[in-house]
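One chain, chain A, appears in both complexes that follow, with chain B as partner in the first and chain C in the second.
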Partner chain A sequence: MPFTAKSGKFNASINTLTIGTGDKAITLGGENVLPFYTFDAPIENAPKVGIEITDGGLDAEPDCIKACYEGCTSVVDMAKKAAGFEGVDFLSLRLEGGDPNGLNKSTEELIAIVKEVAAAVDLPLVISGCKNVEKDAELLTKAAEALEGRNALILPAKEENYKTVGAAAGLAYKQVVGAESSVDINLAKQLNVLLTQLGVNPQSIAMNVGTASAGYGFEYVISTIDRVKAAALSQGDATLQMPIITPVASEVWGVKETMASEADMPEWGPVEERGIDMEIETAAADLVSGSNAVILRHPASVATISKMIKELV
Partner chain B sequence: MGKFVVIGERLSTTAPIINKAFTERDPEPILKRAKQQLDAGATYLDVNIGPAESDGEDLMKWAVQLLQSEFDNVPLALDTANMKAIEAGISVYNRAKGKPIVNSADASGRIGYLDLAAANDAICIALCNGEGIAKDNDERMMYCQTLLERGMEHGMEAEDIWFDPLFLVVKGMQDKQMQILECIKMFSDMGLNSTGGLSNNSNGMPKTIRPIMDSALVAMAMMQGLTSAIVNPNDLRLMETIKSCDVFKGNTLYADSYLEI
Partner chain C sequence: MTLFDVVFKGNDAVYGLTEQAIDAAIAQHGADKAVAFPDTAYSLPCYFGVTGTKVGNLGELKTALGVVKTLMTREKKLNDVFMSGVATALCAEFIEVLKYIDGAVPYEAPCYGHLADAVIRELGVPLVTGDIPGVAVILGTAPTAQEAVDLVKSYQGQGILVTLVGGVIDQLQEMGYKTGANVRVIPLGKDVTSVIHVVSVAVRAALIFGNIQGGDAAGLMKYTFERVPAFVNAFGPLDEVVVACGAGAVALGFPVITNDVATLEAVNGKVPKSIIGQPDVAKFNATSLEARNIKIKITNIDIPVAFASAFEGEIIRRGDMQVEFDGSRVDCAELVQTREASEIEDHKIEVIGPDIDEMPVGSKQSLAYVVEVAGKTMQADFEPVFERKFHSYLNCVEGMMHTGQRDMIRIRVSKDTFNAGFRLKHIGEVLYAKVKSEFAAVVDKCQVKIYSKPEDCTRIRHEVAIPVFDKRDERLTTLTDESVDVYYSCIMCQAFSPSHVCVVTPERLGLCGAVSWLDAKATNQLDPQGPCQVITKEKVIDERIGEYEDVNDAVRKFSQGALDDVSLYSIIEKPMTSCGCFECICGIEPLSNGVCIANREYAGMTPIGMTFSELASMTGGGVQTPGFMGHGKHFIASKKFMKAEGGVARIVWMPKELKETVADRLNETAKELYGIENFCDMIGDETVAEDPETLLAFLEEKGHPALTMEPMM
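And then the complex of A and B:
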């Protein structure tokens, strides 16, 4: 009997989600196969790579990244430069300075930056909050308003503030809502159900189901992404068919492997190389588990991961 | 495994209001009941037009088109003793949301329904019964083999034959209940799909008791591997039980709002 290979494509597929507008808009999802399984069925929308800057500008960056933005004097300068790096599909602006336990910048001050950056680049935008749920509710609502018409991804709507963030981003200003659950697969599903019940179109939701740097509880991240994709595709669970976006940069550049100087840890080698390696390893693993997009910080990581995706899809 | 497939049983000529609506081609009562069932979580709707000897073909076409145009190509089980009416229904059926189900074949006079399903790439409910009620599971499994072979000879995939053990009424046949459950396990061990008119078990019982009996039986039957049932989806207790069992079986991922989806 001749051998007939059986296609591993599923009857269900991941939702198709567009971020941004015009020629630069990106589309995530749409696949009905496991990540990179192009031999089972074509993957129309390859995973996308974003580059992240923060409201803190150069001051907030490690030395090796500062060097990549030589000559920039403002966040807007950085945004323009970042948009030109090889492999960048979208720009992520993280408003970490809003954290009341940190710099506690005012919402007005941060939204002014959001507006300037949005005016300076035509790439699709991801706006991330400061990790404080109350401040984020206010901040992200204003960001959604300021970016009306840009079809930006507003991240994160969490269990504690999904009503405010979901209503502003998903309903009032027609942005894409990023639902964040921290490696809790049941919560990932629940949050999507709640946002949908609020009236947000399921086709306008992306998920961050959890993130970590490789080596830091990362196996939980991977198993969570794996199980979300399995439920979405093999069980046809419509409440988990939202594309996954994984912020990598904000985790990777805060661990000792990327921060300890070469003087302190000579056996670990040059700090920049380590940082890039950690970022690439983490992002590659996220992508092969099923992330539809990753957010990175070092231009070299962006270029490498982008090349990896092009080779595989 | 996928989620348990609930086939809503409430569009049937056994209900006088639906019988009248079918006869008079009155959409309103039919659409109302269809919506109630779908809102409650039915996946398929059974369309039982009775014997429909005179105008079955016309009626089934009308019903299929009415329901599918109103409810985004809702998948349907076509249920009548008139085979031509089933074929007519399939001829206008849209498969976007699932194959049609032919309801039903048995191992005796209605074995030809399998041929009809095969010829039309439909799912077929296969009642493991011949003449009279099977005396034991040896007999049921013999019918199961006969039906399986017949379907496969005609080119059907085994997964498209949904075996029905024939649920029996407790009042009168209490001693047969465990046999039925064991039969379901045999289907399941063979990797076969199964379904049936589960609420038959509680026929003749008080209205307040039936949801309790039906829920208990569906839980036990799902444990044994039952993959579908033809039931009243507007029985809240029953639907809550099915959704909870789907969670325990890993057929769907738990979320706090699981009863609402």
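And then the complex of A and C:
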């Protein structure tokens, strides 16, 4: 009996979402098949890869990353250089210095950096907060204002501050709102519904449904992404059809496998290699589960993941 | 004159003035002269919002006035009044824009006049988030300058944005009261037409934040009504122009509150919820908030000690105790009662009787507190839901211990807390603040009465509280699956059991034992996007096992397709799944043709040959395992327990402790269903048998009904 392959194309599809403006703008989503199942139906918008820098500049980076940005003296220098690395589709600026429990930099100081970086690069921008919900509400509101017209992704609007971040980014200044929930499909869905009720256009929402480094509760992340995509495609659940963006860098570079020195852990090999490996492994798994974009830190990981995507789509 | 006449007359007057002003401007500057408000992308925002047309010069303004005229219909219907109000507002906008010709700066400090788009974006965010809970438009001259200041201050204290038009601006200045956008008190202008600048804010909020397209007048009015919590306070005496402007405000959904009751009555102009007379300016605030349904967020609790969940488990020893209220020895009670809004003065806390400092140290006292609430969506069914939270609220107070519920409460207040100044009224403060903030979705107003005289407590307990408790219990017993129209889903546990869905019915509570049908209903009302959603039960598939098409659809949806169908009353056919939180597990015991139930606390062996943990590994995880079922303790005595397989008569074994807990209710159910007296005596426990053979011998000796029932498998 001849084998007739059955197409796994779904009737529903992921929303298409554009970030940035002009030639460099990127489009996420749009697919109606499982991740990389191009044999079922073409995937028009391949997943995208972003590179992350922080307001802390070089000082905040591990040595191996510092080396990649040799010659840079400011965050803006780094942004310009990052934009030129192979495979970079967008730039992510993480404002971690704003955390009141950390450096507690003022909103004005951080927004000045946002403005400088925005002026220096024409790549699509993702602005990430400092993980403190109150500070983020203030910081991201101002960031959305400063980037008016850039169609940037503002991350994250969480359950605690979605009203402020959603209203500022999604309504007042027409940016893309990044809805962040913590590895639970129902929370992801609820946040999307709440943002939509606030008046944010569902077509202007991207989701971060949770993130972790491989080996650190990562199976929860993968199963959540799996389930979100399954609900979006097979059940046609419109409240979960937003493209998913997964920040990888901020998780991976904080675990012992990437931080322990070679002197302490000679059997683990060189630090840089380990960091790149962890980043690539985590990002690849996120992408094959259904993430539409990943944010990485090491230029070598960006190049590798970008190549992987090109080979598969 | 009637309201119609007044509005129409006011509208005509303003229209006449506008026509003159535009004609004069054209005569002076020519029809091509540009007109615009500064710093806005929305032309004349109100006119653009209503019609979708942008006005660029005086000639176009004249054309626009023609369009406005078409709104001014003169039938004596409420719609004509509203449209004339809108027309009046648009005329005001035209008059105001003329002031800005040639880049003129018509307003000077403290007045703002037209507000730029940037200001609206900035104010819009806190408006959308509710950080600015409302917008007050105060118009005219208050009876005294002090009253003007008091009114403005009352709104400011609530975070409400205040805009001022007319004489009230001078009054505030005269009193040296600080105004400005930074303190959220914005004087617009002294002419009545300058009120349009706040209307312009509302309209642009709809255009910017609501994605309303210019010209979608219906969408615009819906948005302003639903999302812009503005209201007007107009000081008398009212003239026709103000009344006509007021009609415009009402058209946008903004109620008008005035102290000029005489004029209102003369024109028979009261419109419930929209045009309200309130002779007492001191009550403008409360009247306005109620009319516009604005709820002020409560962020801090006014008590002299800390309030945090860290204190929840605190034990107050006798020696550390200042005073004790003990419901087991003297009369005590805690109660929530629903009242009419008019019967409640929000945040009123009354202590009736002696306070703690008048009670001997270490003494046992009576105490009864009644929390009275009102709300448009409040239902008596929520009362016990609130009440059950009191335990946690009062325990969170530093140095306070609360146990029990209803009329069996016990409260201890520590000496340290007493010395810090804690008194009975602070119990009221805690209950008020928590009920108002946690149940804001259903509670609009709340007041607390605290009784400490023994005779009052006796009266409240026996004449008020106990009859209420009895009524509630009766409602619970009469609440059956057949007597309600909907069930509720509960997916609270999906975080760790992703495909599990509980279907909560009046006679089958959630398997955790913590979510009854009433709880699920309240959860749904309080958090409409939350874990409990309405499930209809209109399409019966099989009455016997309790299977419904709508229930199956819901289960399929909420389990993301993992489950296709469940029955409500069968353990064999399509049984409901379990997450892992079950209070009890019921499993088939084949030898006796019945079921054994084990509760979580029971660590021993069951006649099934498995312990609770072993049973749990078979039952949890959101999969259907025929023959096993997780459930709440309360479900054991339900008439719906395994109804499809013959009901509670199938129960052959339970741990002794569990059996004692459910005995009274289970005996009653068995008597009602089968006419069996003292059914629990027929049920085995660990003292009788932990193996099936011994159990069977016991059951045969007792003549247990399961032995003669149809085989289950």
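By definition in this document, the second predicted complex is superposed on the first by the 310 of 313 C-alpha atoms of A that agree within 3 Å, B and C clash if a C-alpha of one lies under 4 Å from a C-alpha of the other, contacts with A are read in each partner's own complex, and residues count from 1 in each chain.
The working rule: contacts are C-beta pairs under 8 Å (C-beta built on N, C-alpha and C of every residue); 3 or more make two chains touch, one makes a residue touch a chain.
The structure presented is a predicted model; accordingly, all values stated were derived computationally and were not measured.
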Chain A as common anchor, with chain B and chain C clashing or fitting: clash
Which of chain B and chain C A:Lys80 touches, first, second, both or neither: neither
Which superposed partner A:Gly236 touches (first chain B, second chain C, both, neither): first
First (chain B), second (chain C), both or neither touched by A:Leu194: both
Most chain A residues touched (candidates chain B, chain C): C
Touched partner set for A:Lys142, first chain B, second chain C, both or neither: neither
Partner chain in contact with A:Lys66 - chain B first, chain C second, else both or neither: neither
Which of chain B and chain C A:Asn186 touches, first, second, both or neither: both
Which of chain B and chain C A:Lys115 touches, first, second, both or neither: neither
Location of chain C clashes with chain B - one stretch out of 171-179, 531-539, 621-629 or 693-701: 531-539
Chain B and chain C contact sites that coincide on chain A, given as residue numbers: 185-187, 190, 193-194, 197, 227, 231, 235
Residues of chain C that touch chain A when the two form their complex: 121, 124-126, 128-131, 208-211, 227, 491, 494-495, 498, 529-531, 557, 560-561
Residues of chain A defined as touching chain B within the complex: 185-187, 189-190, 193-194, 197, 227, 231, 235-237, 239-240
Footprint of chain C on chain A - complex, ascending: 141, 145, 163-164, 167-168, 171-173, 184-187, 190, 193-194, 197-199, 201, 223, 227, 230-231, 234-235
Touching residues on chain B, where the partner in the complex is chain A: 2-3, 251-257, 260-261
